[in-house]
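Structure incoming, see below.
Per-chain residue numbering starts at 1, and chain names A, B, C and D are given in the order in which the chains are listed.
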């Protein structure tokens, strides 16, 4: 099977943006009935290659063949008509339409020439059941969390795919269970002879499902490899162009809680309808991980601590003082920061430059009348670009032109530049490549050593285990367990999540 | 339980009847079916134009050219009928086609050159009015047997309420628009474009085609409104329907459609127009306000209404 | 009795005086007046008239925005047996019995009178700048036509430049400035013909600022004879203004009252105004108006 | 210059300025003395100065409108606020107030109140900008007429008239006022973080909220500033004709102001803004008007010409059109 002719073949693809040569003669070939990983660092050109394949961008050179025929798609609709369906990196669905409308957009079932919504809703429900989603498909998409939206986008993409399915970092905000059910579906599509392109930054996932691997680096093709014969070290070496310095895999030292000052205490903080009262304390220099399934209330908890939502019950004590957080600004002035989960909607200021996106949090802490001098802004931005290795030619570029992972790094850089004493990270490494991932973990450890406290919500159990001094498990909008020391282990966390 | 998304619509509807009730309690003759149906027939052209505007606004755009297209349609129709002796039934398809092409051109400019709808349609407004005044500065009467027949076509409801051809056309357009918005692919695409045009594109919506059709539809309906307007006045005049675009936008927004796109209902627009009509009727029954107090009172009523609408639909959430 | 009055709007001082005079007249006679301001929109006027019919008023007075478009609603009024009087601008309907009478100035005649004065004063040799009213308005069209008719017989008087200043003072000043620049500072221009006083009042400021004397270096011919214009005539900066009387309410109510008493036939056009004010009689008229 | 052009951000300054120069050069063909400037009694005269003078009210409106548009809003009421401010100033003079600061203060206060009402409706009540400002657009003109009792109130007050027709440093005073306002607002926006906050709110309201920016207060203040600018414009207009014409002052100027901002390259969806380009936009609109008047074409063609010019200027700014144009020229060179 793996030696059948390629369904999709790209040769010598070039793509230029003003000031950036994003693809330099890249080749790519996808066979029917294979899962093909497309890997590379942030900004290597993966999303761009996908957008060229599907006609979102017009290629500046090279050829694309589908079943041997050269094709010239000019928009996603053309590509879909040819049997290529895509789930793009950011959730690109329509928040104002219902879930069912999103799934069947452009393929609505008809009856006597008019759309038959009853059928569409029923089919949508059936479809989502495969992904263990039991939701009201007649509600607007915006009423669901980003992870649910991600699943809906996948369900839609899979349902459309006829020959080729392209998944650009679909697993970034999914938890382990969701990822498994996605893999199950991908494998069954492979059985049906559909070619799948899969972009991810999780190497485990690559080895779990992929047959072959194509690696990009700096807009160029590094090579195409059989997954079975490429070792992890080799893979990482190809991606980064150098060996990854061995990560300190040891666990963070158990903090001596008695000697540590407490930074934040939540006493029965909750909000009816979104979070049951929670008790929680975060010591200075401590990393508290938040674990849980989709919709367990991690994001709600983060929003409460940051004052985006107002707590209806309980007291919040910060550095020994009882505080009333009425808005994010109150929290920021205390030295709290939050990297939100939905980067596109709540994080980036698209048309503004990277520099402005980075300096803004610090500026707001200072007040509008004390404008940070330009030179200092540039210094802040350049420091962030260097520390987080953000791939950009120019800090004056609008942030919306960066690749997804680099946008995430800019948001992180924004908060690091504001010198917070407590930082809340909701899915912080979403879409970040492994090189940068290691870098960020190192950075966070370093900051903690200097006294920064962290609250990290993540669906990556490995990541939580690597970071945390303490893990809080949430289920159904309620805190169900708190794990310390040796209990911080993927198995133990899974147990806590699953126990009734 | 009613679906939550219909609450603003229901609130708006209740407020309309409240307003109407206040008028009826205060003035003799106000609470008659005649006054109610006058609202429909007097505003038929505005309803039709505002329905087109609803589609545009739901898609996240705006169309400032509708008033000018109404005027241009009237002028062309009256020139063709009166000076060239064409039969109105031949003229109507021609002007509707011209209107559609006009809108399609604006849509094409907006899509292909990434120009902002506000400005393209503003230029369209200047262009249409400019053309109208070049064709004829003077207002031209339409004198044709067919128009008399159209004017006398209709039936009487109890209470002296006349349901004429304009009212019938407007009801037909309304029903067709509701079906178009909610039971066709085009309708879903309009909402999709308003939700997030980039995502809509990435989901395979043919953006070019959809944008062009949206503006073509709006101008088509504006041309139809121009024809209905000409039934109303038996004439064509380059300065007719000045500012109708603002009335239409206000009606659409009062009817609960968001100017940022993505949300709204055609039926809401109908209520929006009726509310503005009832305010006007109220003022003309009142009959003692000077010119400036008329403006101030319209402003105040508009404000009271919108504030009430916000407060009521907020607390119910 | 109750009379419904549909007014165009309140776009100028003249219009406001007109509305005020109708209201004052109604009060004097003990008539209940239903006043409706259409804000320059014919559709609003038609709505107002239809609501008057719904209220079953005893008579309707209409000051139309435009001439055309009245047939259907006037037929409706006739069916409801409500008499209609047209004031100010004309209506063009095929059936003259739809209204009792029209009480109105004659725009063409105003244009002619203005032109005649100018031809006489300049002995048939003059380069004229024209400030038009709003493009398409019946006052602008009528005045332009009347003026040009006279000019056809006097080829020595020519309109060298013509531009709209939309009947407003600010535009009058602005457009006049540019016209003077375009005509080399106004040296070859002998007169300004303005479709109303507001534009003329703006234009004389522009003439002054260009270093010329309005009324002497450039003759100023205008229409309306509002108070400000009479003052300007008295101090010599405007030469002539043809009167457009805003006191149309009295005659209209006269007709309505006579009709109620049983009179059936009226002249279809009762002409108003048209007096020509120059430096000889402007001060007098102003004094007379202020005495009132 | 070369370093300037190599920066893509400065490219957006090019096309509006090219558009303006194009228009002005048409005037040069129509009337060669268009660019002629002369100095009489220490004052500069010439058509170019006239263009700037007449563009002053729209330029002032455009400065305020730019900020409003940057937050993703729009203000339809500025024309009516002009009328109110003019009426208040004229009313104060008619009531016998002599002191210039009092008169100007009165006008500005009226504009500020108007702007604050808009700001409160949009920022705090969350009403959509077009409708919120439509209320004041309709009612405001009524209020202005009420103050004037529907008549044109003329006045004789030399120091107030100076606002409209005075000269300062050889230039007409309205031009000086625009320059002062421009510098003041520009400093407020770019020497503090206010401009950045406004752009953030316009770029992504939700993300700004997560950053602790008080979007309500920002919106409130931009409408208030727009009200102040409109009041200033209204007083210039009144001082210019030495009278307050509540019926016509600023009529439809809100559309010109919005047009100016968009010709300057701003997006009505909010985000990036440039006050300088908006002022250029206002100059373009005014030069267009002067060109039409100078050309001597009958006024019934005015709107047609205006529409065509707008479309051409917009197309020139569109990257896609520029590509097609250069493609065409390339093709010509090869084949023609």
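The rule is simple: a residue touches a chain if its C-beta (ideal position, glycine included) is under 8 Å from a C-beta of that chain, and two chains touch if they have at least 3 such contacts.
Only a predicted model underlies this, so the values are computations on that prediction, with no experimental measurement involved.
By the touch criterion stated at the start, how many steps lie between chain A and chain D on the shortest route?
Minimum step count, chain A to chain D: 1.
Compare the CA centroid of chain D with every other chain's and tell me the farthest one.
A
Which integer distance in Å separates the CA centroid of chain A from that of chain C?
Distance between chain centres: 71 Å.
Counting only Cα atoms for the centres, state how far chain A is from chain B in Å.
Spacing between the chain centres: roughly 44 Å.
Return the distance between the CA-based centres of chain C and chain D, expressed in whole Å.
That gives a centre separation of 33 Å.
Approximately how many whole Å separate the CA-defined centres of chain B and chain D?
The separation of the two C-alpha centroids amounts to 30 Å.
For chain B, what residues touch not just one other chain but two or more?
If we look for residues of chain B contacting two or more partner chains, we find 133, 137, 290-292, 294-295.
Using the touch definition from the top, which residues of chain D touch two or more other chains?
Within chain D, the residues that touch at least two other chains are 145, 150, 300, 302.
Sort out which chains touch which and give me every pair.
Contact pairs between chains: A-B, A-D, B-C, B-D, C-D.
What part of chain C is in contact with chain D in the complex they form?
10-13, 16-17, 19-20, 132, 135-136, 161-164, 166-171, 173-175, 177-179, 181-182, 198, 201-202, 205, 209, 228
For a test of understanding, state which residues of chain B touch chain A in their complex under the given definition.
5, 179, 182-185, 188-189, 191-192, 194-196, 198-207, 262-263
Residues of chain D touching chain B in their complex?
Going through chain D, the ones touching chain B are 76, 121, 125-132, 134-136, 138-146, 150, 255, 258-259, 262-263, 267-268, 300-308, 310-311, 314-315, 318-321.
Applying the document's contact rule, which stretches of chain D touch chain A when the two form their complex?
Touch residues, chain D against chain A: 7-9, 191-194, 196-197, 199-200, 203-204, 206-214, 271-272.
Which of the residues in chain C come into contact with chain B in the complex?
Where chain C meets chain B, its residues are 4, 7, 9-10, 16, 19, 33-37, 39-44, 46-48, 50-52, 54-56, 66-72, 75, 92, 94, 134-138, 141.
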